[in-house]
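Listed below are the structures to be examined.
Two complexes are shown next, each including subunit A; its partner changes from subunit B in the first to subunit C in the second.
Right, the complex of A and B next:
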């Protein structure tokens, strides 16, 4: 490939990336540095980035300060997994239907889904509370899983639908000519071909479920055994003081499941899995 | 086995009728090619036979059974798509075996049938590869393998070679003809390429605007086209059409006046009155350099030298563009007027509506019975 940028254009590109990355990553760096400091040195003046007294001791003591930390991390992970599975089981058939069948009100329905997405969960939190109360779902995993899944379905449908639309119709026609039923074709042909798309949807759903569960847990759950990590972190807030270094350490440990899921799933996002299916 | 009949079949999308009422009989073992310009309805007709498009009115029957409401697999057909439509996540073996897996065939039989198909198509070294690792021609062969493994009565091909390059296409044409001889099944093949039609078909169906213009063997269509459209569509380079005026009709045929002033008798059946406007059709290969009784004068504007022959394109006074094929070693100058003669016997004559006057030639002289028979 020819080098199409001049040196000052390259400089501008890298400068832009630097600013962007600094904004994104600075909180993580600061969180990590704080987690290494002794508590009484966290608010040291003047500020020094690297000091001699840094250690990983907060990563050990945090399990003693908040004994149920492991449980909270597990809850977070468990809730997000349930949200992802539940959402996928709704998204895939819905997106397939939107992409392949034509029926009255299809486009209107799709528009409605997107419109709901615009409203956002915070606005609907009171009605949802009433709903959960009437259904008797408060203070259970369901209370956190159901809204999480519901709010990730519209985006998921949209993503998945555009992926299904890219799968050539001839694949289904060929399977149909060969005698395969729709369900068989969906299971044996369409889903395997759509696997990269499904993985993208699964990852985004998982990450957003991990991020948004705080709100649902705060409102719908008061059983501390079921709390996800963001709620659990409140236990580092003592009466007199907040254990900042352990709080930061726990936050960083808490996001490792997301990283692991991402690393595990992103292997399936292989570009060009459809290569060779049809001549483009 | 493999006899197919369309009767009064039509297809409408909304208010647009894309297939006008069509009757067609295809005999067992025929290699039928649907040919026509794009948008003529040939693919739609194939998809109706396949069961991928609903039939608006009329019936399609295979071996005497009306199949209008049967799914493709029950019709005993299989189809090869233009875009191959291979399953990218399965290897070649599983791609070919797919119809058998759907039918829940025992593994031993699957192995046997896939191996047989792979041998016919020379894919036995590729069975463990995925479609993405194959060349265009190999992918096309996998698609054909998937079609033949089920041993259907009728094969349908929807422009299967149009994605291949010219050399591969020529090779695959030969392979398809060989496959047809080997299997002996009925094959229906859609293409817009008249060379594919001429080389492979035992029967060509020429379509235009959802209507069958003519059905016949390649030579029949070439030598006795029913109208100007078929005459212009079959044959390469295309037939020249020259506006002429009828002089008289005699026992020998119709005598017409050429644009240059000369006149020629064309041995055709039928009557034409003196002064009728008609169209004379003459194939570029039937023109030869040099003066003759029937003679046209053309100044070549474009000269295509192919080596064994030279194709000339130019205008003749008052009659528009024509092409001629002359021997490759003939000296030719650009823009220098030259005489092109032809024999009335080779010419076609069309009336003002474009309908051909039947020529007095005997096609049976051009063919010997197959040696095997």
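Right, the complex of A and C next:
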């Protein structure tokens, strides 16, 4: 057996964890504290961390100040789900093609996807706006779903391809001998085996789509019924007088669903990273 | 096997190609075309040759480029150092580490914009936590508005960027550390190597390729970063946090000078292709070293 930690090493590890978590969680703690204060007490000088007039009233009044909050949370989930479904229906066949067949131009195409992966969406926003305008998609869910999916397809292809490469070729050969068509083989033989990999791709796509809805909504959508959560709160944030306690309460309530999703599915996320592909 | 062209693998690429070509590749080409025009809100569009490119450098664009690279350098370096330390902590076999793993990830999970709202409150001089604690501890004489001064706003945007980016770096390097065979550590331990020595001679060399990969990816993401700066400072005060992306956005979409904005976007693409070339070269080298691993 390898040596155990000595007491001072353990102390150093826990101290390190404490420092790390303080940095990571401070904004959340501060947001929570602010959300508990009455508004006139939020702007208190000098700064105090805990006071005795804290209450959950902002969590009640925020539904009046941000009447569409529920709608925003739904939109965020709806957009991310659509992005994930659309992206998967592009990623799976493409990754299968890249991993199972050798043909002319394959490596070039794969390299093109890799290169496109480097371009951030903010760089292309001007012509993308014109594109959405010409297609008549501005102020619709499509304007937020299509770009979200397009920018997550390249990474997804790389991740999915590495999963397909690990599935033994004998599986398809056996199916082929039995007379199964290639579509049938992919659908009924390969996909069930690749399901854990598909889960990983789906979850990482979902989370990155959820984290990055802001820009597309800011530029392509001015219909506040369709706004995802970050954009809905940004409108609230941009007002002359920010109602900070309600903004923080709404932010915390808004991110709770995705945090729950993450806690239940986190082992897939770690698995996705171990597979060697990364997502922003 | 007969030598007939097999269309099946090409057909499988159609959905992905159709989507990426329409949404990404076409705007990419259009950016190049626009950069040679004077496109704006007006109806008429004329080709103006390299005028936009020449004007870029008559502005303070060189300054913007330098600032972007300083911003990126500090952001990426701190993220890598903290990410490596974080991965070591995440990898330590002590009770409570699975809880630690869960608690470290939220900055990556929550929408970037919402994390940034929280930080903009933290930086508030009158009521924010940092200024408040700074005064309590006697580090600050009075309320300090972090986003109101050039240098402190610059640092503040880097800190927020580090906060958002570090968890993923840590998790990725943790994955790399866990793929190191245990036998190596046991062999080193049998030879009497101390824990620090094992880290330096076993862990670091073996995760070096992952650190290099992450450094490049992180540089690309940091370079492309828009929301953090835009929500915190909109590039201000007086341009002190204006990076290339922010400058492009301001010119192209806030002031509706599409042509000039597109020329700036092309400059960004030039830098990005340099990063992409480095990344591909790195991948090729790593694959060659690890044999035919995919």
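In this section, the second predicted complex is superposed on the first by the 227 of 280 C-alpha atoms of A that agree within 3 Å, B and C clash if a C-alpha of one lies under 4 Å from a C-alpha of the other, contacts with A are read in each partner's own complex, and residues count from 1 in each chain.
Quick note on the criterion: contacts are C-beta pairs under 8 Å (C-beta built on N, C-alpha and C of every residue); 3 or more make two chains touch, one makes a residue touch a chain.
Bear in mind that the values here come from a model prediction, so they are computed numbers and not experimental data.
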item: First (subunit B), second (subunit C), both or neither touched by A:173; value: first
item: Between subunit B and subunit C, more extensive residue contact with subunit A; value: C
item: Subunit B versus subunit C as contact partner of A:192, first or second or both or neither; value: first
item: Subunit B versus subunit C as contact partner of A:184, first or second or both or neither; value: first
item: First, second, both or neither for A:31, with subunit B first and subunit C second; value: second
item: Touching partner for A:130 - first (subunit B), second (subunit C), both, neither; value: second
item: Partner chain(s) touched by A:241 [first = subunit B, second = subunit C, both, neither]; value: neither
item: Residues of subunit A at both interfaces, subunit B in one complex, subunit C in the other; value: 273-274, 278
item: Touching residues (chain side subunit A, partner subunit C) in the complex; value: 2-3, 5, 9-10, 13-14, 16-17, 20-21, 23-28, 30-31, 34, 42-49, 76, 86, 89-91, 93-94, 96-97, 100-101, 103, 106, 109, 111, 113-116, 118-131, 146-147, 149-151, 153-154, 157, 162, 165, 182, 207, 210-215, 219, 228-231, 233-234, 237, 244, 247-248, 251, 254-255, 258-259, 262-263, 266, 269-270, 273-274, 278, 280
item: Residues of subunit A touching subunit B in the complex; value: 168, 170-171, 173-180, 184, 189, 192-193, 195, 272-279
item: In the complex with subunit A, residue positions of subunit C that touch it; value: 6, 8-10, 12-13, 15-17, 19-20, 22-28, 30-31, 34, 82, 85-86, 89, 92-94, 96, 100-115, 117-119, 121-122, 126-129, 131-133, 135-136, 143, 163, 166-168, 171-172, 174-175, 178-179, 185-186, 189, 195, 214, 217, 220-221, 223-227, 231, 245, 248-249, 252-253, 258, 261-262, 265, 268-269, 272-273, 275-276, 279-280, 294
item: Residue ranges of subunit B in contact with subunit A within the complex; value: 50-52, 71-73, 77-79, 81-89, 98-99, 102-103, 130-134, 136, 139, 146, 150, 163
